[in-house]
Amino acid sequence: MSLLSVRDLAIDYATKGGSLHAVSRGTLEVGAGEVVGLVGESGCGKTTLARALTGVVPRNATFEAGEIVFEGRNLLGRPVSEWRDLLWRKISFVPQSSMNALDPVYRVGAQMDEVLRLRGGMGRAQARERTDELFRMVGLDPRRGTEYPHQFSGGMRQRAAIAMALALQPALVIADEPVTALDVIVQRQVLDTLRDLQARLGVSVLLVTHDISVVAYVCDRVVVMYAGEVVESGTARDVLETPRHPYTMGLTNAFPDLERAGGTLAPIAGGPPDLRHPPRGCRFAERCPFALARCRAETPPLVVAPNGHASACWRSDEAPALSELAKDPSTWTLTSTSAA
Amino acid sequence: MSTPAEGKRRRRFPSLMRALRLPENDPLAMIGVAIYVVFLLVALFADVLASDPLEILFLDDGNLAANVPPSLAFPLGTTNLGRDIYSQLIVGTRAAFVVGLTAAIAVVAVGTLVGLLAGYFGGWVDNVLMRLADIALGIPFLPFVIVLAAFLGAQTQNVVLAITVLLWPNTARVIRSQVLTLRERGFVEAARVAGSSDWRIIRVHIAPNILPLSLLYGSIAIGWAILTEASISFLGFGPSGSVSWGAMLQDAYASQALSRGSYNWFVPPGLCIVLVVVAGFFISRGYEEVLFPKLKD
Amino acid sequence: MDAYVHVRGLSKAFPVRRGVGQVLRGEHPVVHAVRDLDFDIAQGETVGLLGESGCGKTTTGRLLLKLVEPTSGTARIGTRELAGLKGAALRDFRRDVQFVFQNPFDALNPRIQIGRSLAEPLINAGVPKAEHADRIRLVLERVRIKGVELLERFPHEMSGGQLQRIVLARALVLEPRFIVADEPVSMLDVSVRAGILNLMRDLQDSLGLTAIYISHDLALVRYVARRTMVMYLGSLVEDGPTEDVISRPLHPYTRALIAAVPLPRVSQTRDPLPLRPGTPDARKVGAGCAFVNRCPVAIAACTAERPPLVTLPGGRRVACHLMPAATQPRPPVTLSPAL
């Protein structure tokens, strides 16, 4: 049984122009000790979905359908207090900008102590000791615990945020773009730390990112979202090497690769649909070079292959052939009737 | 990208609200604007709506019409000297608006200009202007008004001057800080790279972006100015012989209208002052929404 | 070959906040954002400027645009010395030199319609109003935006990819000869990034632009620039053809950068970064090499003396005391066993 299982989650935002279906068919699993990447572009609902798992959603958001089963219990529909009880102890969160996780007016070490004492019920001395241990664990000098967040570099702040997330030995860490704002070297170092700790502690990680290379580097499994829906999921190798959904194919081609010299990158023409009025059928159809009439009429279901590789595309069976076509940049220009 | 539903939504007084840069679907701002419009119309047509407010009236029996309770002839009754309170109230609207609007415009003009220059150019310009603002902020209200009235005379333009001198630094400081943030924005730098002169950058890129803030301070300043004018008149430093809400309250107070329970005398001008000030705040709330949309949640 | 951009000894120091002791002693500490830059860029050449945040790459761009004044050194673009440009000469300079911003969401005035933003450079340059519509139409074609109705829109009504095209169009509308692009795709979604990158590449070729492309991402730099300069804490540490820099990095910092570049491929067993633990801090750069505290191969000379940027036979440049050793065949940095 998996640690976390999200089934057909739907989250709407009430906006001025009507309700916005931020997440429509959110389905994903995180097994014990597994690192799962949740990939997609801005506005695809990945952050909304990830945040929803912590029970912390914006005031104008409502859960419309689905279930969030954590350790065998469906959290949806349970009182918020019960959910909140799980935070830090069972599920913890590393936000995108670690400036948000750390309060600028308190010393970093003191903030960590507070989490340990308030949520973990530790005594002062015990918390102190654990804080030092956590600092060392993420590669920070414990003596720097007396400094304020602004005295930390971006990478150090991110390490501190990771340390805080691991403080009470949660079963699941949700990390929202944890390395996006960092330089390549720091990014690599933070990812190495994350990978290391994950292997050592056996904690499950749900890593939200737009960056395929981050997924490739640290994740066991990948879930790809587009326009509020999960369009593909499977092991990182399956999804990145033999993608079955044209959107994933497009994403992998749009990414510059230091090892492949030359070549032309292929952008995916157009932009994501307005989620207040999502199109009928497949939401990617209008940008898809392989779309058929059926794609624009009927929504493809998320079909799981025997090897666990799931995709929501009517043409999944032709995936190997389409994937070859997708590697040719001219495939993607054919549909680019409207630039950008 | 407007959806059909949005396009069809009926907009009330869109042009007026747009000219004021207010959100068209903000009911409080609408109420504020409506109050201002009504008072403005009253002020404009005061001559038609009221008779001479200083005329001493007599009853049919030849007696002075002093302290007459509200009646058909005198909708709000009369003062202890036999003057029509209704007419005073109507004509007082004019005084309130002349002082309120001119002072507010002066405050916003001076404050915005100073804020723009200080914020954009920085350096010694900023230092000089902001120290001036500090000095102006340090001026105590009452002694300043007394001294001004004593030296320049208790005239309407001096009341406006006093209000302007006292209120401009608040606007200037806020505008300045806003300009400081705007100056660092990408599009301002882009304009510089595109070859725009300082003057053009201020005019095209910075001023329009602080206009809602100026209007916010303007709408607050109208209320403050009317309140200040009323206080000055109430304290007896207002222009003598003029009719204003503050002067009415001063008369009422001096003739012990409160202890006599002549609510018809002091409540209407008090209410008008409150209404105008509240309308100012309603409108300023609307601007806050324009400026800081996130407050709405 | 006469260089189009000619930079010698260009430096920029910013004052930092003083401690009480420094105020009392009358000291004015500075941090060197950019230190002694020497480089040339040929007409029509695109150079990538690579480095981490805070390395001075953005300041370099701003110096070349005359948005900040250098503390010392000279820069010449075309025939114009940047120092002392003002008035009409500065306006002419602004016609020839343009900037593409990192954040397209901030680069356009939110209260001004796109069309007016595009016309602004034309107005400033005194282009007759009658020509505006034609030139805007031409430049929109160049950045491959269709639909003149876009000109009526406000920035918030457009997507990031569209906005960046508009920003690019504004930079190109005066037909400049030199462009500084500061991380132009870092704020964009992956799927539209490629479109902007392709566009930049095509424009360089078709318009013969000279350009500097500032980025922290070597893969992106490689995509648009044939030559790469690497900066570390304000100084140039390496300069050479991009492919050579990637396949045979000479400076230890470049080696670390390349080893850290993320790859979109699964199951990489990657070597540990060739770095000693340490953080870059521009305020703590001593007399020696700025990289010495993180360098895995530093020797005594590195702490004592700043290595000069030397030109090697073949034209590559590097600032490293170990250079004679590094020119010997060294084991090349392995990217991954997949290759």
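To keep things simple, chains are lettered A, B and C as they appear, and every chain counts its residues starting from 1.
Quick note on the criterion: contacts are C-beta pairs under 8 Å (C-beta built on N, C-alpha and C of every residue); 3 or more make two chains touch, one makes a residue touch a chain.
Chain labels with UniProt names: A = ABC transporter ATP-binding protein; C = ATP-binding cassette domain-containing protein.
Just so it is clear, the structure is predicted and the values come from calculations on it, not from any experiment.
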Distance-maximising chain from chain A - centres being C-alpha averages: B
Chain pair, B-C or A-C, that carries the greater number of C-beta contacts: A-C
Rounded Å distance between chain B and chain C, as computed from the means of their C-alpha atoms: 51
Euclidean distance of C-alpha centroids - chain A vs chain C, Å: 31
Junction residues of chain B, two or more chains touched: 1
Of all residues in chain C, the ones touching two or more other chains: none
Chain B contact footprint on chain C (complex, rising order): 65, 67, 90-91, 94-95, 97-99, 101-103, 106-112, 117, 120-121, 124-125, 157, 167, 170-171
For the chain A and chain C complex, residues of the former touching the latter: 41-42, 139, 153-156, 183-189, 192, 210-214, 216-217, 236-237, 240-241, 250-259, 261, 264-269, 271, 338-340
Chain C residues within the chain A interface of the complex: 52-53, 144-147, 159-162, 165, 189-198, 216-220, 222-223, 243, 246, 256-268, 270, 272-273, 275, 277, 279, 335-336, 338-339
Chain B residues within the chain C interface of the complex: 1, 185-187, 189-197, 200, 204-205, 208-209
